[in-house]
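My questions will all concern the structure given below.
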Amino acid sequence: MIPAIVLLAPLLGGVLAWISGRAGRLWVRIWPLALLVLDFAALLAVWIGGNPDAFHEGAYSFYADLIVPWIPQIGVSVHLVLDGLSLVLSLLAVFIGIVVILVSWKRERDHEGFFYFNITLVLSGVLGTFLAVDLFLFFLFWELMLVPTYFLIVGWGGERRAPAGFKFFLFTQLSGLVMLLAILALYFIHGGSSGVYTFDLFGLIGTPMSSRTSFLLMLGFMAAFAVKLPAVPFHSWLPDAYVEAPLEATILLAALLSKSAAYGILRFVLPLFHDAALAFAPVAYVLGVLSVVYGAVLAFAQTDLKRLIAYSSVSHLGFVLVGIFALSPLALQGSVLQMVSHGVATGALFVVAGFMERRLGHRDLSRMGGLFPLVPRLAGAGVALALVALGVPGSGNFIAEVLIVIGTFQASPLFAVLVSSGLVFSVVYALWMIQRAFHGRAAVSGSLRDLSALEAAGALVMILVVFWLGLHPQPVFDATSRFLQTLQGGA
Amino acid sequence: MYAIVWLIPALPLAGFLLLVFLGRRMPRAVAAVVGVGSVGLAALATVLVGASFLSAPPAGGAIEERLFGWVSLPSLSFAFGFRVDALTLTMMAVITIVGFLIHLYSSEFMSRDGEFWLFFAYMNLFVSSMLVLVMADNLALLYLGWEGVGLCSYFLIGFWYREPEYCVAARKAFIVTRIGDVSMLLGLALLVSSFATLDIQELLRRAAAGWAPGSALPVVATLLLLGGAVGKSAQLPLQVWLPDAMAGPTPVSALIHAATMVTAGVYLIARLSALYALAPAVQSLVAIVGLATLLLAGLAAIAQVDLKRILAYSTISQIGYMFLGLGVGFYSAAMFHFMVHAFFKALLFLAAGVVIMAQGEEHNIFRMGGLRTALPAVFWTFLIGASSLAALPLVTAGFYSKEWILWGAWQAGRGGPLLWLLGGCLGVLLTSLYSFRAVFVTFFGDQKIRESHLPGARMKIPLVILAALSILGGFIQIPSDIAPVSLFESFIGGVFPKAPGAAEGGSTQILLQVVASALSLIGVLAAYVLYRRGVGAHERLADSDAYRGVRRFLFSGLGFDWVYKWAFVKTFDCAAKLLKGEVVGRAADAIGSANAAIGRALGALQSGRIRWYLVGIALGAVAAVGAAVWL
Amino acid sequence: MSSTELNALLPLTAVGAACLVALAGVAVRRNVVFTFVVTILGFAVSGAALFASSGAQSVGGLLVIDPYARFFSAVLLASNAGVALLAFSYFRSYRENREELFILLLLETLGGLVLVSAVHFASFFLGLELLSVSLYSLLAYVRTRKASFEAGVKYFVPAAVASAFLLFGMALLYDAAGTMDLAGVGRSLARAGSLPEGAVAITGLVMVIVAIGFKLALAPFHMWAADVYQGASAPITASLASVSKVAVFALFFRFFSGIDLRASALVGWILTVVAILSMLVGSWLALRQRNVKRMLAYSSTAHLGYLMLPLLSGGRAGAAAAAFYLVAYSAATIALFGVITALSSVDRERDDGAELIGLAWRKPFLSAVFIAGLLSMAGIPLTAGFMGKFYLLTVGVGSSLWALAAALVLSSGISLFYYLKLVAVQFSRQEAEPHGPRTPLAAGFALAVAIVLVVGLGIYPGPLANAIASLAL
Amino acid sequence: MSPQFSDYALVVAAVLFALGLFGVLARRNVVYVLISVEVMLNAAGLAFISAGSKLGQPDGQVMFIFILTLAAAEASVGLALVIQFYRAYKTLDTDSARELKD
């Protein structure tokens, strides 16, 4: 039952928020927050007290395993599992959810009930992708994230929200359909060869097929994941979507939705198409390196703070892509750590960017400068997080990138060299951002309000989490290693 | 006393945390006590640990302490663990003691700055990171410290962040050193993929057992690590950041860009000396890099007019000497020079800081002059520092350390004499020329600016102590032909592979020493002739175009900045500008507009005429029937 | 005629009877409420009567009442019941006669019921004409509005031509096959390739396809659709978009399931081309439409193109997929046109996209229904449209119809643009004139049922999946 | 096999059909369009009759009667529309009804 509770708790909060939409602005926030906190507590309890080997399915073991038939006519069931990897990422999702609700606590807007309903629906969708092991169900959640995110963008976004939302929707939906084709093909191939028509991941692993078929199917999956990650050149939806979305949705997009893609590669692509993935690795490396470099160069070229962070995100996720396909234990662990750490850090960076926008009324870097003495707490948080983006020692990004580079080196020295160039480029844009926004001569006259104690505490907690991940990443490694070890089976 | 080892980096770290979170509300005095005190306590702890290290050496020659696990994976694990041996202890002593003196100096120097607390926060963090760097028992932790010091260096160079050009200098420093760092990270990656460990001792053991000397892997690995070292230590070809780094407050230049951080590369190579022994070619390269850098930086130093830039180039040059020492296998000599250099260069910078402050933030030595009488304490200490830098024979520490390195160079195989000739003769000549040029121009002649802001006790005491160390520090290791004192060698020598060649060389060694000493004195004389007495001679030269051209070339640091600007910076900017329009995104948009265009074109057929629609049906029918019948 | 046959015919009889009662009512005294009630009752009784028979019951060689026919009859009845509810609201303020509208609706339904059970050219033809002739009148029903009349003419003339194509094609097929029984025609077509009459038979088949293509508005026979959809009153357009297409497609599928496409690969090719053209052209044309009904006309061309996937793949799975998709499509169609209906009245058709600005904030219920309908059409999960598209792709992949599947994906991508544009518009914060009274009860009820179906079938498709699993022909 | 009567009839029907189609496409007057449609329908009827006679079945003629009925129904609706058309547009030119277009 635990996976179902984890999955549905945010949704329940959202529904309650929607219902209580007219009752006042307080309950609209309290319901989702309370349920998310409960959710978080439940996940923590599982992490601390749960038995990671309680359930087995082939080589895999889980804390919890739930199967309920859903559309038995075609072999679809609600199959949710909670293992270390999904646990860690679910914790991330719920944590970010809590952050999002807190960030918007004081923000007045229209139709708040529906707004929070959409937020929680996104969270449930993300959690669903982290928990589902039925391919149909996974696809459903995958697509499900889209609609509320789209509503958030077009309902509460910036000036050019409609085209931005559309672009986001189009890219993800279209690539999702390609994945659906691949899922169906796999379904039929498996059904044809074994007589059992099922969408269950563990049933489908090891389906015999020619290497060419396997490669094509893997491409179908990768289409969806490369778009959502996103890898250059499938990224062009991202900057607009991140910029035009309301802050809360941007945080969700950057911190969580991109992770679902990386997770999808880990959970589905590698187990289902191990050899094809190995064959695909060079292409993935190229895409990853392209993302790393292109994202960093473009981040440097931006003057819009949110856009800059958006591109930096592209760059960081390039590391993840390379790390995953390096398929060496170190790189895989590094990638997972990078996912978590980037989730928290980029989320926090967007939070800070949002705080800045609220105070300045704009987010144009060329009109900022010298904020450090004016708003030391805000600027301090901003500087710290920008440093995390460039991989400041002790942060989660630092150790993750070190592991990815080392792990990739074992698989392909050439691409390790290329991907590590991102470490230099990240310095360029991160410092540029620090210096344009916080250093230099003061470009703002008059006084600005610094972070309130609560805001500062929130930012501090997120920063501390990032550094905790950097200085003591072992719990994350321990939680995820069970699953990651199964991935190297053939290697 | 070994139990307190972990306190040594922890104290400055605690100081940093206190300052960064609470410093803004602290009174200056409290912030100063926290900032200076934390390093002072660390220095005290280092002394205590050092004393017990000397009195009762630990088993295996090193104190090992593992604090807590960091990363533990089946294929690789490393922890927050320290290993303190003689080499580390030397570094620690310099970092904490010189660091403490500089902190003390800063408490007065920076006292009028609005973000006093922040300065000490960064400085404390720097000391902590630097200690982690030298104390780490594994390369991952070393890399953590390595990155940490780079970060602090960035913040301190750009400490006066309201000036955009300082920010640019800071950024340049960070980016250039980051390039080296990435190379080093790749080196680590190679080591991990070969030996699956980052524990330094274990790594060196496995490398010695697993790698044949001179084979490809050790060459590549040491080359990559060398990349890191030249970045951090401002050696060719990544030396360009250091002169600009002088934008930071002078104590920063003294601590980070002279005494400690820039020698991290030296430490790295010394620490991994066993690895370099497996790649003789790379080790020779280290020597060549050192030699080239020391000459190049020496030449550039002669043409500078900014007092701090002169010192910066001199730092680059002196680290070149250390690299030369490392390259010829005289690790102890390199470390000895490191220590002595830390003393006199910190001294020079601190003295220069006083001078600049007293001259109202004037950096150009040609606008100064005659400060000998106005600032006597500074003059004398600066003179001691400059003498030590110029390696004036017998009385200065610099003489002993440099001679040791040059003796090593002489003995380094076939190219040895050449190394000695260029490094020893030319280098020594250049060094004494530029150092005494600074002395004569700054302190002699007519006073052009009235002095202001005279230094107080907290600035003078460090000067005096460092001056004393710059003289006395040399006497713990004296060439055997002069006096048989070898305290330093016997303390630290055990850490390194045995130096090739003879420790003593009889008459040859004496001859070489005489030549080098003579050259250093000639350099002083030349400086006197050119810049003091024969001012006319210098100005007569200055009239010729050729001289001006050469001077400009030297002044610019031999054109490296120009080349890099065009080769990298402009390229990157260009790429950013080109890509900013999102070529890729445009392609996606183009697909969208193509669809819209098709829609428009098809829409033109929807004319609203019934007959037209019937034509559509009829044509469709004819096409279908035609296809059916004909195919 | 045996009692079992009569039993099986009950649904048709019920609708016919309702028609007669309504006519008689009009003859005695005009009362629109009475006619409306009779109509709804007729649909209800007919729907209930579907359960009176089971298995496959042939009636006089012209009709067969089998599970397939019953299923689609239910879809038609439900759709037109919805249309009747919408129309009742829509025509509240119409000052001229309203009673005939419902009678025509009943007649149209009867034609549809005949079509879905037809197994013979005669019943095929009869049902189609019943459907079409009622539609001509329905489309042009609002005499006071020129656009409505124009729609009638624009449907009538091509439809008549299409009827001629159909009949001529039938004649040729009859000539070649020697029978007008659908199954018999199919059997003889399987041998057609080897006979000298092959060309005649294939030509006949193609002409029938052209006629059906016209009715389904498949490209390149689609051009009339946009004008007609736009001109007609919203509820009538809903009927045109759902009932007539479902009925004709059901027949098309039945006809085609009897033909072995392997024997006439050519027809398969022609249909593939038509399908791909429909998907793409439909979506492309819809891209730039501002009028919602016009946009839906083009998009329905694309949707019918999608339905060629199960048609070409055939079999039990194909039937199930087509059935699911048509249910989803009809529900979404009723929902979408229903919202337009609820916004409009007979005096003023509010079918421009601009009418939807800020609808989400102004009229949350209508907006929710409209968005659900749009998302279902776009095939977004948790809507019936997603499950439908999923079924289509399943049979497409299962039968290796890769080109069609790829075109479907592509067309879905293009279609997102125009569906989402209408979603986004509703979230616009720009102030629009606050218009329209409260949604009338009848329309509201129809919309509520539609949204429950659209969302419910997306979340819990099990029952429907069960029902369609056994629609074998 | 030599050509039979039914084959000629079929050809005649096809020609009639084509003529009707041409008329529909070429004529702008609604009444002529309706007449052309009638021609097409009758072509189909002829084809049915020829097929029925070739096969010796009555079905073809039954279909023809069906077609006649349909033609009558269509004509009645069609003529009603024509009257409306003339009222609305004061002309019988089909091209004048083009308010609805892209």
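Letters A, B, C and D mark the chains as written, and numbering starts fresh at 1 in each.
Quick note on the criterion: a residue touches a chain if its C-beta (ideal position, glycine included) is under 8 Å from a C-beta of that chain, and two chains touch if they have at least 3 such contacts.
Quick caveat: nothing in here was measured; it's all calculated off a predicted structure.
A.B. asks: Which chain pair is joined by more contacting C-beta pairs, B-D or A-B?
C.D. replies: Taking the two pairs in turn, the one with more contacts turns out to be A-B.
A.B. asks: As a quick test, compute the distance in whole Å between the mean CA positions of chain A and chain B.
C.D. replies: 38
A.B. asks: Hey, how far is the Cα centre of chain B from the one of chain D, in Å?
C.D. replies: About 96 Å separates the centre of chain B from that of chain D.
A.B. asks: Report the inter-centroid distance (CA atoms only) between chain B and chain C in whole Å.
C.D. replies: For chain B versus chain C, the centre distance works out to 78 Å.
A.B. asks: Distance from the CA centroid of chain A to that of chain C, rounded to the nearest Å?
C.D. replies: About 42 Å, centre to centre.
A.B. asks: In chain C, which residues are in touch with two or more of the other chains?
C.D. replies: Answer for chain C, listing residues that touch two or more other chains: 153-154, 157, 161, 165, 226-227, 285, 288, 417.
A.B. asks: If I count partner chains per residue in chain D, which residues reach a count of at least 2?
C.D. replies: 21, 24, 94, 97-102
A.B. asks: Each pair of chains that touch: what are they?
C.D. replies: Per the contact definition above, the touching pairs are A-B, A-C, B-C, B-D, C-D.
A.B. asks: Would you tell me which residues of chain A are touching chain B in their complex?
C.D. replies: Those residues of chain A that touch chain B are 167, 171, 232-233, 235-237, 239, 294, 297-298, 300-302, 328-330, 333, 370, 372-373, 376, 380, 387, 391-394, 398-399, 402-403, 405-406, 408-410, 413, 416-417, 420-421, 423-424, 427-428, 431-432, 435, 438-442, 471-474, 477, 481, 485.
A.B. asks: Once bound in the complex, which stretches of chain D touch chain C?
C.D. replies: The touching residues are 1, 6, 10, 13, 17, 20-21, 24, 30, 33-34, 37, 40-41, 43-45, 47-48, 50-52, 54-55, 57, 59-60, 62-63, 66-67, 70, 73-74, 77-78, 81, 84-85, 88, 94, 97-102.
A.B. asks: Which chain C residues qualify as touching chain D in the complex?
C.D. replies: Touching chain D from chain C are residues 121-122, 125-126, 129, 133, 136-137, 140, 143, 146-147, 149-154, 156-157, 160-161, 163-165, 167-168, 170-172, 174-175, 178, 180, 196, 200, 226-227, 230-231, 285, 288-289, 294.
A.B. asks: With touch defined as at the start, can you tell me which chain A residues reach chain C in the complex?
C.D. replies: For chain A paired with chain C, touching residues are 70-74, 110-111, 136, 139-140, 143-144, 146-147, 150-151, 154-155, 161-162, 165-166, 169-170, 173-174, 177-178, 180-181, 184-185, 187-188.
A.B. asks: Chain B touches which residues of chain C in the complex?
C.D. replies: So the residues of chain C in touch with chain B come to 153-154, 157-158, 161-162, 165, 199, 202-203, 205-207, 209-210, 213-214, 220-224, 226-227, 266-267, 269-270, 274, 281, 284-288, 414, 417.
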